[in-house]
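Next up: the structures, one after another.
In what comes next, subunit A is part of two complexes: it sits with subunit B in the first one and with subunit C in the second one.
Right after this comes the complex of A and B.
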């Protein structure tokens, strides 16, 4: 239905040693990153982590102090933004308010002096892609926020860019619309085989959309990998804390017993399956809330804790329990078959546990 | 005269309600309304009555058919148009520059624009006479440097009138244009840049269309005010450049023909209103 076969191919992106400082502040400190052709990579991090600066360097709106940017085989480090052939989607859509939807989408083509008939054809196809056929003559102000962002999306793909950049494109939308558009972006990106770099501070969004996530903190990539890997095996305490909820305890590794080690953390002895971690060093143990199980009286478990229920939050399919064991706080998430609503009250004492295999160890 | 600038819709209803419902805003506007009725609408109506004194439209007939007055009207519109064009050419870059500099520099820039605006037109016009006159600064300097033997006729011609009027009116163009320019979202320019537009294309297709309402507002303001200029053409034109206001003054002061002066005034007023109406219908250029 769409011009997918005739598209120029998407290109890989390669960043080498990108550094950028603003005065005394290091915004990006020596980042290497390769995005394969057709891959969707998310730069995830809090504000000030350097993700937006890095995106601007790729787009050409900021010149890096050092390092190079390659799109395909071309070194674009010193190339002006317009020559890089990048489709950019902005948080505030950046639609031209004085142009109709059709003219907005036609803009990248008409500045390239594409023939009029071809512009018409490609604009119609690009608008059909985001299901906005028939909206050609509307002005942006006459569209909802979601529709405006779809126009921006179609404007960013209509000229077959080698690379698509998305700068927190859903930040201004409400939750429901955001979910719809997330699916739309993912569908479009897969269908057109776009190489995409997406910037967000929303970890859920990152987990949902990405082929790989680059977790950024203080101007550096802390970890890069597929979402499930980032979630299950974060390499730093920052990554563990930033993505999903987690219970974290740190302390020295005191004993080894086959594949298992014991960590004396926060006054309790935690058993973890970690063949590679040496005894004697210190480590941070992470247990995801859904790995914490509610234990019956005699049920065996590698780790057992008695705790008092402090707070219960109802999340629909699951409930989140904030537990206190002495001075330690612990979060558990149980679905309604494990703990039906009302079966556990605030103030109740429960025994919880988790297996050694569910503990992820972060060295240091 | 009302110049409409695009503005965000103010929360009228809320403020009106707090000030005591529908009558509140009206009461607030009342002093200004009375002032305008007494000092503007009243005299205009009086002029209207004067112009048809004797029960016929003979004065109007003379105003719109007599070649002499048609020439003056034409000259008046031509000068106003030249001054407007000069204000746009000179003022647009200045307004843009003001949006790009730091707050301090912008404040200094505005002072430079506003101080002349607050100086009397008469003073500024005499200043131009001092600069452009036979023994003025320019002629003196050129003669001292041996570049010319006889003084250049810099005064009492069209260029001197245009220079003087543009000087007076330039701030009235810069301010509305600036107010529109500062509200242009920089991200749009960045988007255009990123989508492959050249500098010229960004200006022609995005920036200029977005600032067009300001150009239109400032240009209309300058044009309309220029139509009624009196002191500057009188002094810098030296009787050789005659605009309609000079003719009206002449009719009143010298010829004591109040009826004809009133008719000329009404024609000028109608022309002004027509321009205002036309300018509010002009569409922004589409990228």
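Right after this comes the complex of A and C.
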């Protein structure tokens, strides 16, 4: 292992009121976002949510119609991409096929007219960072996808960028390689203290890598916060549905008893702990599948449902159960100690329940 | 089913025969021209009564032939350079641009290929006469560039489409401007296309006769000289010149095959 080379500090990123439309389509509609120095923020959303456009605005490939982009104290809104000192990693690696690995990594240094010996030293250090020492003279086409992306990573950090942008960099890789590279990206980012903005539509990736996640939908950030907060307390139905699996029911809030409220949703009376939600309004209740418990005969629970098992999927450490209670569907995930393989068969009737504290309410 | 193999063999023979016929048609002129160029006779006579190199000697000894060859080489070189720069820029704008009317520009860029050369020749003559560009090499270069641009645009836009735009973006994010990205990344990647486009542009000028007939005046290109030569005297020098010209084309095509783009769209 090489020790982290001394480097210029990473810079914070500040986006203010960024708007961008393509013809009649609003790609990004007034986004504010601040990323602290050294922070890893993920823009998570489906395709068409504006996350890629926002990244391109930061990179300088798209000029925003309004709003400003600051990297550190510098307003870079009108600056060409090459002057912004951003290290960008692309989905398809974007290695220059006619240059060797070493010349690819040296590219940002040689266009900055860095002295030759220093280029050699820094390229070697950058390749060692991604454990690709000795691959200098290979051409990109002679490397595997994972190796190519690691070369791209090292090319994106070799010139001490103030900011790193990652545009779905693992999209083209198979699952195992993806996981390896995700760890590598995170390790490199922490070690070098890089400010990083990462774009993905993969919620697992976002949960794993991010300090904070910005959930994007229809050109706006719906919610931004640490992964556990986004997962446990989504503020919108979209965020709840997009991150992790969830059981969602909407209906009016019919009663309040201290901190507990009752929601008449889908023919059920759901009890939830939600001091902030007013009685009389409507709300969407979210219960994560792993919060749905399998109940014994007399076991008490705030919410109880009898259901028939429709489908079972084996996921390794856990199994996922698709349950039907009348016309309602719900999903439960139980680990193998709670429900060993074969203990419940498709068609069996089970009683499940969850506590009021496990219900998260989204107003509206 | 029983007769199928027999029928297939018959089809195969028919196809081979047809191919041989087409090949013969394509080669026939060569089989006549090449022997005549080595003929010892004073007139175009086939088969030649004897062999000699006198017509080649005559070509190399005649200042008119040599001068027109040099004119053609200079005009073709100038045309290649100009058409390559303009055509590549146009192809880049067609492939990477995002402006209104881009498709219209793409269609228009093939215009000189569609409009009959005689029409272009007359139109250019009309303009150049006023600009005093007739009879000059510069005039010929400009006119031939118009004709060569469609070749360059079609080859170069096909080549540019094979280059992932993300590569240019990567280069730009790593610290160069758009021009720097094109020079350092895009152009090296489309070098085979550049070779193909150059040679097509060169040959389109070197072989061109219609525009040259109108514009040459006293600055004769090789095809114009050949044309004039046929009008006044018919001797096998013309065959010798043709063979030299064919040899040049063969060399050029060999260069394309070796260094050029794999497919040359026309």
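We adopt the following convention: the second predicted complex is superposed on the first by the 359 of 364 C-alpha atoms of A that agree within 3 Å, B and C clash if a C-alpha of one lies under 4 Å from a C-alpha of the other, contacts with A are read in each partner's own complex, and residues count from 1 in each chain.
Keep in mind that, in the parts below, a residue touches a chain if its C-beta (ideal position, glycine included) is under 8 Å from a C-beta of that chain, and two chains touch if they have at least 3 such contacts.
The model shown is predicted, which means the values in this text are computed figures rather than measured ones.
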- Task: Would you mind checking whether subunit B and subunit C clash or fit side by side on subunit A after the superposition?
- Result: clash
- Message: Touch test for A:159: subunit B only (first), subunit C only (second), both, or neither?
- Response: both
- Query: Taking the superposition as given, does A:61 touch the first partner, subunit B, the second, subunit C, both, or neither?
  - Reply: both
- Who does A:103 touch here: subunit B (first), subunit C (second), both, or neither? first
- Query: Is A:94 touching the first partner subunit B, the second partner subunit C, both, or neither of them?
  - Reply: both
- After superposition on the shared chain, which partner residues are touched by A:80: those of subunit B (first), subunit C (second), both, or neither? both
- Between subunit B (first) and subunit C (second), which does A:111 come into contact with in this model arrangement: first, second, both, or neither? both
- Query: So, does A:124 touch the first partner subunit B, the second partner subunit C, both, or neither?
  - Reply: neither
- Note on the structure: Intersected contact list for subunit A, partners subunit B and subunit C 59-61, 80-88, 90, 92, 94, 96-98, 107-108, 111-112, 155, 159
- subunit A to subunit C touching residues, read off their complex: 59-61, 80-88, 90-92, 94-98, 107-108, 111-112, 155, 159, 165
- Message: If we count contacts the way the header does, which residues on subunit A are in touch with subunit B in the complex?
- Response: 59-61, 80-88, 90, 92, 94, 96-100, 103, 107-108, 111-112, 155-156, 159
- Which subunit B residues qualify as touching subunit A in the complex? 185, 187-188, 190-198, 201, 205-206, 209-210, 284, 286-287
- Item | In the complex with subunit A, residue positions of subunit C that touch it | 164, 166-167, 169-177, 180, 184-185, 188-189
